[in-house]
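Pasting a structure here, questions to come.
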């Protein structure tokens, strides 16, 4: 779901740090769950003289942009919880290391998204379940766009928005 | 209209590849049409240890962000078509070269946009037609904000939202 | 409030230029006012062969992305004024130096934003006033989320959306 673009000071993280950081981020989204490969982290070094906070050079600043296209956060309580949730996750790589830090989350439209030539299947559909299991984008059928769990009854279809 | 930010592996593209890629992208938008100079492509190399997909290093991954501020894609059919359309266009530079790839499209507000000090003129206005012809942003008059084709009648103005 | 990501040609700006540019940007937002440290500028060099405008290499092009999460621009008059306002501010570093230039502004959701582990306090709240004075993010109480100026009356609370 998410693209994390992490701007950080030169030399702030080793390759191992970056792998650990990206795996910690991935774990948050595994709780949803979504396919692992939806979670992309790009690290970008920004030297001190290219980073200004309040008009002054800041060489201890980590600025993160999070684009979450796979899911929407509905309602103020969940949104506040999610922000705090992410703050806990990133803490070992930012505050605990003496870096000031800021992140913003955007929610790009779900339907203007493509992965290896496939438009990702609907949330919690059979195809999404299979993508989770296979950890890989692949073609899916019309039938697989149905929800993974569906109960049919006389003249009534349960399943919320489906 | 669009800004394409293309994150790609180190050495994935030659200067000629990048020019060809950017021209293929431009051609898609020429069908709308919009001024050529609305189409901006920025390429950014991301080394393997700065790119993580699902918590693992991925050195064959192309991640594209597309910001389309000049036009909105109205309705689900057009949106799905557009995504597939872009997938066809980028294929020679991603899937056909063995790169996994992902893109998301956002639609920044049309009215918070500036080009060489000019707010771009309304869609299909006389000024936009002139910008297309001149391939250059320049000052335009109030009269040029009118639609290129307008039919006046007794007590009625045709032309949709104008 | 804002994150300015400034893509510019290699060598376009000295460290001093960048500091001056970021301070000019900061001054615009001081008129709102907001805390100084809300204003973040990241400069990124893009070499000519990584920048294409209308399908052609462009080595004199400055492309700026502005993310404004702290305030919304309400209404067309204010939005147009703001774009012109920013054009005046950036002119000495773009048009006056012979660079073509383009910017777009997005408005990421205010409530999906975090600064040093703190969700920024409401606009013009007591906490925000304190953040402005201290130029630093810090914990704030429930009481500090109230507007800085509030007038209570019989059976009525003035203060707009509060």
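Lettered A, B and C in written order, each chain numbered from 1.
Throughout what follows, contacts are C-beta pairs under 8 Å (C-beta built on N, C-alpha and C of every residue); 3 or more make two chains touch, one makes a residue touch a chain.
Just so we're clear, the structure is a prediction, and the values are computed from it rather than from any experiment.
Visitor: Note whether the interface between chain B and chain C is symmetric in residue numbering, meaning over half of all numbers used appear on both sides, and answer same or different.
Guide: Copies use mostly different positions to touch.
Visitor: Overlay chain A and chain C by their C-alpha atoms and let me know the rotation angle in degrees, rounded to the nearest 5.
Guide: Rotation angle between the two copies comes out at 120 degrees.
Visitor: Which integer distance in Å separates the CA centroid of chain B from that of chain C?
Guide: 24
Visitor: Among the residues of chain A, which ones contact at least 2 other chains?
Guide: Touching at least two other chains: 106.
Visitor: With touch defined as at the start, can you tell me which chain A residues reach chain B in the complex?
Guide: Within the complex, chain A touches chain B at residues 3, 15, 18-19, 22-23, 25-26, 35-44, 67, 69, 106, 108-109, 111-117, 119, 135.
Visitor: If we count contacts the way the header does, which residues on chain A are in touch with chain C in the complex?
Guide: Listed in rising order, the residues are 7, 46, 49-57, 61, 63, 65, 73, 76, 79-80, 82-84, 86-87, 91, 95, 100-107.
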